[in-house]
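There's a structure below that I have some questions on.
As written, the chain order gives the labels A, B, C and D, with residue 1 at the start of each chain.
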Amino acid sequence: MKHHLIIALTAMAVPGSHAFGQEADIQPETLTVEERISEGEHVYVMDMGISGPSQVSVLNAEDLSMEGNIGAGNFSQMLMSPDRSTLYTSSVYQRRYTYGEIEAVVHEWDAATLNARREFTISDKLAQTLSQKGVLNLSADGAYLVVQNATPATSVNIVDLTAGADLVEIPTPGCWTAYPTIEGHAFSTLCGDGTVTKYGYAPDGSAGEPAKSEKIFDSDTNPLFGNAVRVDGNLVYVSYAGALHVVDDSGEVPVLVRTVDFAEEGWAPSGYNLMGYHEPSKTLFITMNSTPFDGSHKLPAEEIWAIDMESGNVTGRGAANGESSIAVSGGETPAIFGIDHLGGVHRYEVTLGDSVTITKAVSREGVAFFPTIVATDY
Amino acid sequence: MKHHLIIALTAMAVPGSHAFGQEADIQPETLTVEERISEGEHVYVMDMGISGPSQVSVLNAEDLSMEGNIGAGNFSQMLMSPDRSTLYTSSVYQRRYTYGEIEAVVHEWDAATLNARREFTISDKLAQTLSQKGVLNLSADGAYLVVQNATPATSVNIVDLTAGADLVEIPTPGCWTAYPTIEGHAFSTLCGDGTVTKYGYAPDGSAGEPAKSEKIFDSDTNPLFGNAVRVDGNLVYVSYAGALHVVDDSGEVPVLVRTVDFAEEGWAPSGYNLMGYHEPSKTLFITMNSTPFDGSHKLPAEEIWAIDMESGNVTGRGAANGESSIAVSGGETPAIFGIDHLGGVHRYEVTLGDSVTITKAVSREGVAFFPTIVATDY
Amino acid sequence: MTRIIDAFLKRLDGLTEANIRGAARRNGRRSFLARGGSALLGAAVAAPVLPFDRRAHAAEGGTDDPCTYWRHCAIDGFLCDQSGGSLTTCPPGSTVSAVSWVGTCSNPGDGKEYLVSYNDCCGKPFVPTATFCNNNKGERPGYRMGLYNDVNWCTANADKGYHCTVSVVVGLAE
Amino acid sequence: MTRIIDAFLKRLDGLTEANIRGAARRNGRRSFLARGGSALLGAAVAAPVLPFDRRAHAAEGGTDDPCTYWRHCAIDGFLCDQSGGSLTTCPPGSTVSAVSWVGTCSNPGDGKEYLVSYNDCCGKPFVPTATFCNNNKGERPGYRMGLYNDVNWCTANADKGYHCTVSVVVGLAE
């Protein structure tokens, strides 16, 4: 809160604060900056900027009221740190806004004060793509960012957070997304040849050879979404047709350990960041639509389904509101936050048990122009 | 129209165009860039960017269809050159879009191809202010840009167009807007002390002493709008109350030569760039509202009035559409283009004569978020 | 097709036509405005706070248009209290503009005239859900810079991006 | 208050729910899509033009939603023909993306399947009055990059700002 006095302004007098309050009962108000958002729980909604800045709106989780925002560059990605103290963004700045040289920038935002703790540039190969979970992630030890590049040739950039600089670029041709393994220095990526491929790297900047799984899907006839979630250590992908593909990537080579074909006839998953997992109850939530066809995989959601990841059964279905992406909170009982294709934000209350209920509790319309990804700080 | 082939893309085949059209009756379509907007007449509508780029929409003057656009920085100003071949913009780019170092940039856009012929940086004291006629102008000989600065201390920046660089900054404390004189190297500015003050400069970068008019208005009790138009060599300002102030700034010191108190009881001017002049018919057009009060001077227009600048009489009134700014075309019979406070654009047809009629012919809604200034290329 | 922005801009400007007038018309020229060229630089920053009505503006005057709240009589911007701040605080992570413009507004609660400093908060994008108010009581072009509301008052800050605007009561008008 | 963007976004996405289906459902997998990982780089640039239906899309199918025009079956972007260009030309002053994604669309006029190159035009802001279409027939995530429509295809150009998208017919699908 700097307060320069501009002394060269001949057009302006410069009254001190004592110039007011001449009358005993009047004292000037104080102008300050809010030190932080409220204590408690919040939702972070990305409004991805195409021609202008991306913007993260920070809403109160209870009533979805506006508590502040964050501005980043074009095509921003977003990641909440595991301890919920830091929101990472990676985005691209063009020198002339819509043309000219670019800089790709990582920001570490204090998730409570909404100040940038730090920013630094990374390789400008950073994928300029719709904000999605597989593009910006933290290594298991929190020391590295794992960043998807696209020029549009694909590679993965390992960013050393201590140094605030790129460590190594690993070519990942024909593959997309990069989910860090839950131990060590490696990530897994989904490839057009139907495999999940694992790449290792080391703090000295060396990278290992790719380790390919067996073919676990067919990108022509049975494609998987790029969006994945970690479920009890495994990576869970979902197919356009509605089958979960559970991949164990802890070993030398990723292995498909299970598929869960949960979609009933006439329903299929659709959306962008379309899944969220609630660990305490082993429940996966996913957005669904009732009219599958070739091209329906991004339709606004009609329902949100709950899947018990132990039994593989659908344990609940609730009416949705045209969501394209969701986030699931922590806590004993989760809340679900959905962002719809018109820019609205919705909070759903969940009751757990053999039968899960999902009920919309609060909505706030028009929060974003291009809503892409949503996160919580709890 | 560069067409790089990205050869490193292992995920992609690179078919030549001959790879298609295997069947005799099929040939691939050609993808090109439109070389220019249509021949004929156009309207340039500024949508001033606050958090993102400013955008100039180029519309066909006849049906207001979209012919292309131009992107600039924040708080862009706009000026059509006298020969209608060049659209100048001056705007500010922030390195991180909403914070960080700034660059103030002048663009010379080819008004037909919508390509930038040239761009260069100028003093970053450039006023970050709502786009208005008094901020960006060309000297009489076309060799210099005359640019309003505000830090918010006010000064005027003379920009040498041949060099593409600042020539001299002239302090203009307590004054606002800078209209070049119609001969020589000088400009006139409107000052809070009630004067019009003239400043000269020379190609060697020297600047003369300010030459102040008598007090011609009272900025407390009878303020003038900053917007002015040239009428047969004189500068015409209008007061909040509705009196034209005609100033001859061709001599050593600006002189008030005439006032025209045209506003009928119950009406007052309102808007931003609220006047336009049609030289062949000596007709001034101005936006008006019917509810004058302290603060009404920016209300959306209810009517557009025509004033015969020889007699000083109001010769016509037409219903408006909430315009905040207008532009008047050249030609024997003018068209008026208005931009309303909701972002719509309206073309008005005019019939001249002892009694002038002003009738809306075409509207196009939603062209801009923050419409500020409008120009024509005829 | 072109409805895009209509609703947005209705918020921006609709109010100018109706609500301002009641409050604004009652007020003539302020003596403050008569001090040729004088104005404020920023609101007081570290002074004690006192007796101003902190009721939500929505409670004021039976309208739900926040722009009609009396202290907004010469505001031109997005409301900070809908952007994560309040009437007198900038949202978290933004900075206070070093300079400001000033209005003289009549408080219907006590009938007195107050000086209001309109500071911009800086360094972040504007919030699209925040209401934009455009009131112009006593407003003047840039030749009276301290009364002018069509410039970016973040211009004197290190971070110059316009975020939102606060309305801070800084004293009695006379 | 929050109506701002509703209308805007309705344009963006409303159509996905209704109109695509008719056309899209009829089409199964294309042989083109079966060529693992292959795709197009840009549309042909200097080749002769021939026999494609250049009727305005609005005339197609009795609807005024331009997104239902058959060649837009996998488009994801603002229409260039509402931005100053046409179905096959970028607006003046922009540049053609050096790379593109591809769709396989069925032309109801002749019953044939065509390959359509979706090129972005680059270097200018998007036009807010232009319609945004989001169709996804045959669309795949970035592991099939040439079929992926959620990246900025201006990324390989000198000027990388996204402006609008064209739908250029480049050949028969088989």
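Just so it is clear, a residue touches a chain if its C-beta (ideal position, glycine included) is under 8 Å from a C-beta of that chain, and two chains touch if they have at least 3 such contacts.
Labels paired with UniProt names: A, B = Methylamine dehydrogenase heavy chain; C, D = Amine dehydrogenase.
Keep in mind the model is a prediction, meaning the values are calculated, not measured.
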(request) Spell out the chains that contact subunit C (Amine dehydrogenase) while also contacting subunit D (Amine dehydrogenase). (result) A, B
(message) Quick check for the class: compute each chain's Cα centroid; which one is farthest from the centroid of subunit B?
(response) A
(message) Can you work out the whole-Å distance between the CA centroids of subunit A and subunit B?
(response) 42
(request) Return the distance between the CA-based centres of subunit B and subunit C (Amine dehydrogenase), expressed in whole Å. (result) 27
(request) Can you check how far apart subunit A and subunit C (Amine dehydrogenase) are, centre to centre, with Cα atoms defining each centre and the answer in Å? (result) 35
(message) Counting only residues that touch at least two other chains, what does the list for subunit B look like?
(response) 6, 9, 11, 51-53, 55, 71, 97-99, 151-154, 174, 192, 364, 366-369
(request) Quick one: which residues in subunit C (Amine dehydrogenase) touch 2 or more of the other chains? (result) 1-6, 8, 10, 37, 99, 123-125, 128-129, 143-145, 156, 158, 161
(request) Within their complex, state which residues of subunit B touch subunit D (Amine dehydrogenase). (result) 1-6, 9, 11-15, 17, 19-23, 25-37, 47, 52-53, 55, 57-58, 66-71, 109-110, 112-116, 364, 366-369
(request) Sort out for me which residues of subunit C (Amine dehydrogenase) touch subunit B in the complex. (result) 1-6, 8-10, 12-13, 16-17, 20-21, 24-25, 27-29, 33-34, 36-37, 73-74, 99, 122-126, 134-145, 148, 150-156, 158-163
(message) So in the complex, the part of subunit B that touches subunit C (Amine dehydrogenase) is made up of which residues?
(response) 50-52, 74-75, 92, 94, 97-100, 102, 127-130, 132, 148, 150-154, 174-177, 189-193, 219-221, 223-226, 272, 291, 293-300, 322, 341-344, 364-370
(message) Going by the contact rule set out above, which residues of subunit A touch subunit B in the complex?
(response) 6, 8-11, 49, 51-53, 55, 71-73, 93, 95-99, 105, 119, 151-154, 173-174, 192
(message) Touching residues of subunit C (Amine dehydrogenase) toward subunit A in the complex: what are they?
(response) 35, 37-52, 82-86, 88-96, 98-99, 115, 117, 119, 121, 123-125, 127-130, 143-146, 156-158, 161, 166, 168-172
